[in-house]
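Below: one structure, written as structure tokens.
Each chain carries a letter (A, B and C) given by its place in the written order, and its residues are counted from 1.
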Amino acid sequence: MPRDAAGLRMRKEAVSSRGMQALALGISVLFLVMLLLLLAKSRPLLSGYSLTEVLLSSHWDPARGQFGFAPVILGTFYVTFIAMLIAVPVSLLCAVYLSEYAPGRVRRMFSSFIGVLAGIPSVVFGICALLVFVPLVADYIGPWVGVETTGLCILTAGLILAVMVFPIVISLSYESLQALPIELREASLSMGATRWETTRKVLFKAAGPGMLSAILLGFGRAFGETMAVAMVVGGKNQMPSLFAAGQTLPSLIVSSFGEMMSLPLEQSALVFVALFLFVVVTVFNLLARWVEKRLQARWKI
Amino acid sequence: MNRRHLEQQVALCAMYGALVMVVVSLLLIIGVTVLRGGHVLVTRPEVVVTPPGPRYLLGGGGGFVHAILGSLYLVLPATLLASGIAMGIALYLQSDYTSRRTAGAIRNLLDALWGTPSIVYGMFVLTILISLQQRASLLAGIAALTLLEIPIIARYADAAVQAVPPMAKETSYALGTTRWENSQVVIRYALPGIATGVLIGLGRGIGDAASVIFTAGAGNNMPSGLLEGVTALPVLIFQQASSFYPSVREQAYAASFVLIVIVLVLNVASRLVTNYFARYIPGGR
Amino acid sequence: MESEIQIRDLTITYGGRHHVVAVNNVSVDIPRNRLTAIIGPSGCGKTTLLKALNRLHDIKEGVQVRGHIVIGGEDIYQSRLPVFELRRRVGLIGQKPYPLPASIYDNVAYGPRIHRRAKGGELNEVVERCLRQAHLWEEVEDRLDSPAAGLSVGQQQRLCIARALAVEPEVILCDEVTSALDPLSSQKVENLLRSLREKYTMVMVTHILRQARRLADYVIVMYMGEVIEAGEAQEVFGNPRHEKTREYVKGIMAGA
């Protein structure tokens, strides 16, 4: 009887470890399969057009067989750039305040705030952008700089993306500041540095890798964000301009979906867009990890 | 001396400014949704429980109970599946099962998958559907959401499993347990972290539109079977938000209200769960 | 005895409602340009008292400091001088060395640069002088631009001392500065402290009784947050008045 029990336990152990190994392997395989399948399905496009042609041409007219992604790629970078321009300084300042200055109560309240902000679905951000940012840009910012705009434009998309990127950059940079030993601050303060000097000259440097990685991850998030952008960007494949309707890679997929089923080549083109997004964002995510590890090892702090 | 003091003050002002900006933007988002959506829900509360009428998206009347149900049918099985798979991965990443190198590589991969835009998952499942000559369905939507949630839950579970004190494991091993039996001890210790991860995965899944918009169907029918199309709340919101008909847009606001309430409840729940479990773990509080 | 620091009725508490009194109604003087050791069992409030001397408790929440600390005629908790100027005058060397994430040179130059005390060639001189003063110059002369984190722990600690000297402090606080070091490095650091005591008012916290015997001119004994005895080292060690001191000096008291 005891021997049987031992046998059963051994069998459970063997089965479970095999199973878990299969799952872990499966997730790695999934990554490859995604990459390969997307690549295979964008073949029809890439066999008909050269990569440079597709990436650099600015004519997009699937019905006539023209697939130029330049305006959309530029639009994506434009929108992401606007978002980061706002989000990076604001988020870093916020993280510094929370980590270095805020009293405990404020800190706790704010971190749950950030948690909530991080969990809000992107369509809700989209609704908010439609209700607040679109009129803001159309009725105030536009007239103020002397431009007529509907508000459905690149700028609005950038603004809402900035808000969506806040939680990532704030919470990750906050964590990397908190990971620094208090003695580092004490050392700098004891030499007569102000708290701001300590932050600027010591903490920013010591937490730099973590902050840089936070920014890269924020970039990845903004680059691939779909719904909120699609709702306010205007959806026109033209060269991006701040107050004009534009298009980003993810929003292109969403807004062309209707036609997609009828034109096989366009279908392939949109799969190619997904592949492009996948590759770019993955590169940024892996870069973020690498930066954090490499730079941290260098200063050993 | 004065200059340094001034610099400090300016920096502090900039920080306050940044803080106000972030807080205001959050309040704006929640506030606007609550006000506009709440107004609709107060005047037309029946939209939450009414199925859509004919020509629904063209202002034909009816409600969005089909999207609420659709979301639940999509996200609950997906979270269940993803949690199971993620747990297996997280346990496997322990040093008991695999080398540090392999674990590190898989973690990098999970991080990369976590950051992958959800539209990529949507397109991936869609290309499979097209290859198999299948139509969008509840099943395909569940598959896309599962893929989306696995890396999130796995990373949370992994962090929780890694935080289990080695002493706890060693004591258990010293009693002659196998790795599998020991894993049950580990799970008990890591439960708060795992539960948080599951709730966060659930929140992410229920709010995501990009992965299900092509895969689940986005039609205006009540969910009727695993191989039939369904729609989800966020997808519906997306479709309605830019409608020409004010009455349709209003439904989007109401649906956003419902969605934001669900997300907030999940957020609060994850906090409560963490605190609740923490009491049963030595040093957990 | 000419005193540099006068502490009067100093009470330091941690936490809000269920607060802990770490330092209880302490009044004591610390002599100028000599080395004062604060000794006592662990948890008696030595380090808390030390960090109050350059207002480091300001950055922690829930720490309350009441009473007066007068350094060089200036009541540091009431003074109108900015806190960073007070801290420049009162340097601190921590338990473990924490080099700033920068090169060896920049570590030492950090203070003078902030205070705009030196530039260019002058700065080079300051760095060299401080590194020499810290008995580190010969070892790092040829690699001033390499990261400070690459030094051995003992060297790092001497670098931290050089860094503190560079802002020309009047008082140097040392918080168990040898506790992270191996015996050989400890000895080097002890020699260094000995050589500094003529020029600076030094206050060191130590739990190593023999170290206090070797280095201190003046000794403050703390027990449960209170100063139970203070006086010339010879007297305190040779002829302790308080019963607890006697036990401690004999090595009976807990934590010795």
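We take it that a residue touches a chain if its C-beta (ideal position, glycine included) is under 8 Å from a C-beta of that chain, and two chains touch if they have at least 3 such contacts.
In this text the structure is predicted, and so the values were computed from the model without any measurement.
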| item | value |
| --- | --- |
| Central chain (distance from its CA mean to the mean of all protein CA atoms) | A |
| Chains linked by the largest number of contacting C-beta pairs | A-B |
| Most remote chain, CA-based centroid, reference being subunit A | C |
| Subunit B and subunit C: spacing of chain centres that average the CA atoms, whole Å | 51 |
| Distance between the centres, which are taken as Cα means, of subunit C and subunit A, whole angstrom | 47 |
| Whole-Å gap between the CA centroids of subunit A and subunit B | 16 |
| Residues of subunit C engaged with two or more neighbouring chains | 82, 84-85, 114 |
| Two or more partner chains touched - positions in subunit B | 4-5 |
| Touching two or more other chains - residues of subunit A | 194-195, 197 |
| In the complex, subunit B residues that touch subunit A | 4-5, 7-8, 11-12, 14-19, 21-23, 25-26, 28-30, 32-33, 36, 85, 88-89, 91-93, 97-98, 105-106, 108-120, 123-124, 127-128, 130, 147, 150-151, 154, 178-181, 183, 200, 203-204, 206-210, 213-214, 234, 237-238, 241-242, 252-253, 256, 259-260, 263-264, 266-267, 271 |
| Subunit C - residues contacting subunit A, complex | 51, 54, 56, 59, 61-62, 82, 84-85, 87-92, 94-96, 98, 100-102, 110-111, 114-115, 147, 149, 160, 163-164, 166-167, 173 |
| Subunit A - residues contacting subunit C, complex | 103-104, 181-195, 197, 201-202, 205-206, 208, 298-301 |
| Subunit B contact footprint on subunit A (complex, rising order) | 9-10, 12-13, 16-17, 19-21, 23-24, 26-28, 30-31, 34, 37-38, 41, 89-91, 93-94, 96-97, 101, 110, 112-113, 115-117, 119-128, 130-132, 163, 166, 170, 194-197, 199-200, 217, 220-221, 223-227, 230-231, 250, 253-254, 257, 267, 270-271, 274, 277-278, 281-282, 284-286, 289 |
